[in-house]
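The same subunit A turns up in both complexes below, where it pairs with subunit B and then with subunit C.
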Partner chain A sequence: MPMVLLSCDKDIPEREKHIYLKVDGEDSRDFLPVSNAQTIPGTLSERGCAFCGAKLVIGGVLKDTIQMIHGPMGCAYDTWHTKRYPTDNGHFNMKYVWSTDMKESHIVFGGEKRLEKSINEAFDEMPDIKRMIVYTTCPTALIGDDIKPVCKKVMSERPDVDIFTVECPGFAGVSQSKGHHVLNIGWINEKVGTLEKNITSDYTMNFIGDFNIQGDTQLLQQYWDRLGIQVISHFTGNGTYDDLRCMQQAQLNVVNCARSSGYIANELKKQYGIPRLDIDSWGFSYMAEGIRKICAFFGIEDRGEALIADETAKWKPKLDWYKERLKGARMAIWTGGPRLWHWTKSVEDDLGIQVVAMSSKFGHQEDFEKVIARGQAGTYYIDDGNELEFFEIIDLVKPDVIFTGPRVGELVKKLHIPYVNGHGYHNGPYMGFEGFVNLARDTYNAVHNPLLKLAATDIRGGQRKVFLEAAE
Partner chain B sequence: MGCEITTKQRAGIINPMYDCQPAGAQYAGIGVKDCIPLVHGGQGCSMFVRLLFAQHFKENFDVASTSLHEDSAVFGGHKRIDDGVLTLVRRYPNLRVIPILTTCSSEVIGDDVEGAVARCNKQIKEEFPDRKVHVVPVHTPSFKSSQVGGYSECMQSIFKTIAATRVEPTGKLNVFPGWVNPGDVVLLKRYFHEMGVDATVFMDTEDFDSPMMPDKSIHTHGRTTVEDVEGSTGAIASLALARYEGASTADYLAKEHDVAAHVVATPYGIGNTDAMLKTISEITGKPIPDSLVKERGIALDALQDLAHMFFADKRVAIFGHPDLVIGLAQFCIEIEMKPVLMLLGDDNSKYKRDPRILALKKDADWDMEVVCNADLWELEKRVKDPDFPIDLILGHSKGRYVAIDANIPMARVGFPTFDRAGLYRQPTMGYQGAMLLAEQIANTMFAHMEFKRDREWILNTW
Partner chain C sequence: MSQQQIDQLFGYVQERCLWQFHSRSWDRQENIDGIISTATDLLHGQQPKKHAPMDRMFYADAKAMVDDLKVRFPWILDLEPTRVTELMAGLKSKLVDQTITQSLNRELHDKLY
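After this line comes the complex of A and B, so read on.
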């Protein structure tokens, strides 16, 4: 019985289709969890909205672009100070957020004039910034504000500015995933090919689906520099608006996050014939494999091997120190989607960790195919897990550490289970060789936190619980 | 010289000071025990607000969503409300209150929330004849007001639904502190205890600071019960400490149930706390106890060490919730600081006529500006202006980069304060709160003196 109906779900039996327990010898193709489907109202799901998938995850990463959110102030407030994606220009992207502050009268009479005024104000107030993305939100989409003509008008009046529009209200699709798609497709159709940059290397690529979480992009950029590969654009970690208009110039698209950004890589292949190469940037074995694949494409295998040898010599001993001490630790991964399959095998191979349960907020069928193929038997694979399910799963699998967001982290803290921030990291970057040592260190420090033993101790005496019992 | 009340001239916002109405409504809702607010809108409307609460309190709070999608936008979202309410009732056997909070999307679609409540009540009664679950309609479109108004609106709706009938006199005092920290609630409850006053704090958020227990039990929830709300109609009086956050509920109880409403100046600083205690004493006939006279003395003793030595003439910019900003400005004057800039972050037209602001306007003998409907760009622009020196910023964490980039000391106060540890535990109200805030300000300034090597040697002998 590989699909699982948890007892907390007895009143919503349709949840059985979303939870899979992998069993040895079964053909998991018959038991793929249903995913990318509507959430049952009132279940306390972890999902966000399509607007945040576009603004918070992809567009808002850009370091030189005004993010104009056409809606009430809340959509701006809520997608600000919730991400850790620094830039090399002083974090302009994390400091500011813009809203047209739609009020009732604008809902009644239309908000296009207000949008035009807000766009002009934003450029006037920040005269050094010449690029902007405008997003619709639930109410401005519902009242039918036509934002493209407004942006065209501003661009005709201000020849030095360029504006991109994303029409993806929060109610679109079933999760943030819809927003990724809308932004990807809009960008390739409207902006790619509108600019050319200077080519400085015989080897050029776009690095797609990495958002510079705690410096991931900047760490990996050191590798590309050493390999002599010119990165035409980063989609979108530490990236610029104009670099992304030049994506057509690359010889290769290297994709890390296939869920949020695979669409644009596919379109670049279809429209420009640029091949797509998917890699995993987390983990020693995966990173080495990724570098080998990229170097093979360019015929610079020697450079790749030299880089891998250098990095391995530098970081492997540190990794092994942690591996020795993390062996057998039980991990749960409750994140967006792709990190499930990026991480499950890498923590197993590189750190000896056992991943016992995984829940994806917005993964699709191919994400579950990948993670179930890479993951172990005896592990739960959950689509759109909700709070009561998490409690029950914790009881079933007894994790020593959970990679998840800070709010769920606060929840499981009460159960004496440490969390590591699986979205923004604790102390990253986590990508690359050095990054995976950081991940190992944070995991080790979480699991071996002396406070957990103290928390399990009842000072009134009685049955004393020791550290590992907290999870048994 | 004098105080000028202005309004932001731009249409748009750069860095909002407040979240939207549904966020405030969610904050009021989680203050009730056995209550899960159900946000009728897109999933982001609840997911990000839960994250915001988690950032500030370092705790998890339960808020549900109807997960409104395109089909609801076209055909209406009634079914999703019904499904959401019933799913919550079925899966959470102890649940007693479900406020349904509308958002911009569900208000634009025009879903009939009152109709949904009637249907849900009927269904719950049929399916669970032994349970009473209060389903509360709360209208909080995001394009009106802000988190400040949303907090007030949800509070009032909960009372209108649950406190609909008048109960026998309870002898208790209703207290509406507004959007405050658990530290403030603990302080207020202690004050009432020391005065021998039987008071009920709405909402009782003391357990928003909750423990890790050996038995792994979870205690993070509001402590205001359905019975507390029902009992409010029999109280001797209501005391509202925040004009814009909860006073409307005191007004409702006065109008509908003849419970006298007393709206006092928000008790930030010594004078405002004095006034609050005197009002409590007048309402209840209980004297102000020696213990509070002593606490007041300890606070004054501490403030006296700081005021004319370190605080005097310092130019302060204050932003945040309106009752907090006004109260802190009054407190600044008590400790000889000069509040030169006050920012209030939504379009509520009543701020300009607030008697406390009018009093500041009357008394200020230095230049002071109150900016209404302000965003944090209004702060940043002034802070960057060399002709507008600012010595200290008081406000919440969303303004942190203004202080960081301009290298101005900033004491975190209000909501949210996610970039400092443990502030939610600390009271800001009352004598103790005034003292702790002043000491936090002083220590912030001292650390800044050391960091900038700016007369740090003064502290060699202090």
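After this line comes the complex of A and C, so read on.
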């Protein structure tokens, strides 16, 4: 079975190159969805913008950094707080949102003076904060505001502050993915190697591509502490600006999200000779394997085995309780990209769940190579899925639960299908041993919750006048 | 050693190992070369090199894989050393073919990351 043209796509046949149904005997040498390509006109894409990929996903996670959005208010608010990445210093990053609040007159006459004023105001209002990232947005990039000289001027006047600039307006790429790329490459070129920190362990690593969603980083940090490994920098969960300037000091780069953060790991290998070790942090089997690999690198295998034994004894019975009750459940995963390949085998092996459809907003072909290798035959693999396709795929595969974001989640809720927040989680963390029990619990509660089915009942029976949906 | 045995190992690596899917062709080649070579040493009962950081990284990935292979495919323990060498060479060849030579990934040969 080659690529699939769904009925709803009959007027945009280009979509056929983006949807694959795997059958036995085929692999990604035969068919690989087109991805990281421009959204096809006529499709109701779920993608975000390039600026969002830099700010919401990576930069905005930092716990000690002002995120100055040089643009209209909406660009700031719409990339704030929806990701739920707490910090251990009181969630500074989630309490405040900063914007230059560009209006028509600033667009007409230029916004550089307004940016300089906003930067100074922010530092004056928050005298304890000395670090900032400044982002351009579509309008300020279009009018040619040159933000680097503005930031250099402020830094020359305020020698105790440091500012990083991300020039990645929304239109810079086809999706969020471009923003990940721009921030990664900008940071390695401008900030890595500009600071050194105190080394306290013989074993040091950067943990890259984990954003402390509902405490993922903090949960995993307990493991690294018990193993005696010093994490030089977290890119960027619960992380600090200055720690990320010291990434060159680590002996090993451990990568979880290869899509958003593989670039900086590749550059750290190229420029500093630090190896890149990719692991999966979701799922019992994967997490144990990741810990074993990290410990093998450092020659501390015994510590790793002790940790795995402790955690397994503590959490495996609980996982098995859920597995017994989730066996055979059908799941769809419609998230950004990497969670497709991180999750498909872990929910299958650890929870007995069958993944029947997966859609990626911003994955590249590398991500589809991974997920087609790991995923089952009979499963749909979709790039940049649109809303009508989601409806049609639901009819085809009949999922019991859908892991996706709140927007698509609201959509499927109307069909009385439960969804679990696959981006910000329902009740995380989901990483690590304890985290995967949390994921199992949220999945169980979603699949077996009777409320959604009850919500479909109507005491008026057939007397209720039903309005046709526009799509029908 | 048979094609079927190579296919079993290949299926395992495809499903389990992220190192075969790094971003660029040269990264994939470096990982496949280093990890398969180290895994072959381990299957021969030899101590692999662990001096340079990249050697230790290859060892970390290879050790996890070899430990798993011994459990999932216990027949591997009964193979003659020459057969082990042939088996791993066959696996390496198939991985290179799948993930580099015949890969449809259009970003694989970009010069920059």
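Following the convention adopted for this analysis, the second predicted complex is superposed on the first by the 450 of 472 C-alpha atoms of A that agree within 3 Å, B and C clash if a C-alpha of one lies under 4 Å from a C-alpha of the other, contacts with A are read in each partner's own complex, and residues count from 1 in each chain.
Here is the rule we use: a contact is a pair of C-beta atoms (placed from the backbone, for glycine too) under 8 Å apart; a residue touches a chain by one contact, two chains touch by 3 or more.
Bear in mind the structure is a predicted one, so any value in this text is a computation, not a measurement.
Trainee: Looking at the overlay, what does A:279 touch: subunit B (first), subunit C (second), both, or neither?
Mentor: Touch partner of A:279: subunit C, not subunit B.
Trainee: Going by the contact rule set out at the top, does A:358 touch subunit B (first), subunit C (second), both, or neither?
Mentor: So A:358 meets neither subunit B nor subunit C here.
Trainee: State whether A:263 touches subunit B only (first), subunit C only (second), both chains, or neither.
Mentor: A:263 sits against subunit C, while subunit B stays out of touch.
Trainee: Please work out whether A:58 is in contact with subunit B alone, subunit C alone, both, or neither, and reply first, second, both or neither.
Mentor: neither
Trainee: May I ask you to decide whether A:174 touches subunit B, subunit C, both, or neither, giving the answer as first, second, both or neither?
Mentor: After superposition on chain A, A:174 lies in contact with subunit B alone.
Trainee: Looking at A:72 after the superposition, I want to know if it touches subunit B, subunit C, both of them or none. Which is it: first, second, both, neither?
Mentor: Only subunit B is touched by A:72; subunit C is not.
Trainee: Considering only touches as defined above, state whether A:373 meets subunit B (first), subunit C (second), both or neither.
Mentor: It touches subunit C, and subunit B stays clear.
Trainee: With both structures superposed, pick whichever of subunit B and subunit C touches the larger number of subunit A residues.
Mentor: For subunit A, the partner with the higher number of touched residues is B.
Trainee: For A:347 in the superposed arrangement: first (subunit B), second (subunit C), both or neither?
Mentor: Neither subunit B nor subunit C is touched by A:347.
Trainee: For A:232, is the partner it touches subunit B (first), subunit C (second), both, or none of the two (neither)?
Mentor: neither
Trainee: Can you list the residues on subunit C that touch subunit A in the complex?
Mentor: 14-16, 18-19, 21-24, 27, 50, 53-54, 56-57, 59-61, 63-64, 67-68, 97-99, 102-107, 113
Trainee: Which part of subunit A faces subunit C closely enough to touch in the complex?
Mentor: Against subunit C, subunit A makes touches at 27-29, 31-32, 36, 185, 251-252, 258, 262-263, 266-267, 270, 273-280, 289, 292-294, 296-299, 345, 364-366, 369-370, 373-374.
Trainee: List the residues on subunit A that touch subunit B in their complex, please.
Mentor: Residues 8, 11-12, 38-52, 68, 71-82, 95-104, 106-107, 114, 117-119, 121-122, 125, 137-139, 142-143, 169-175, 387-388, 405-408, 410-411, 413-416, 455-458, 465, 470 of subunit A touch subunit B in their complex.
Trainee: Looking at the complex, which residues from subunit B come into contact with subunit A?
Mentor: So the residues of subunit B touching subunit A come out as 10-16, 18-23, 36, 38, 41-45, 47-55, 58-60, 62-70, 72-73, 80-81, 83-88, 90-91, 103-105, 108-109, 141-144, 146-147, 210, 212-218, 220, 347, 377, 381, 397-398, 401, 405, 418.
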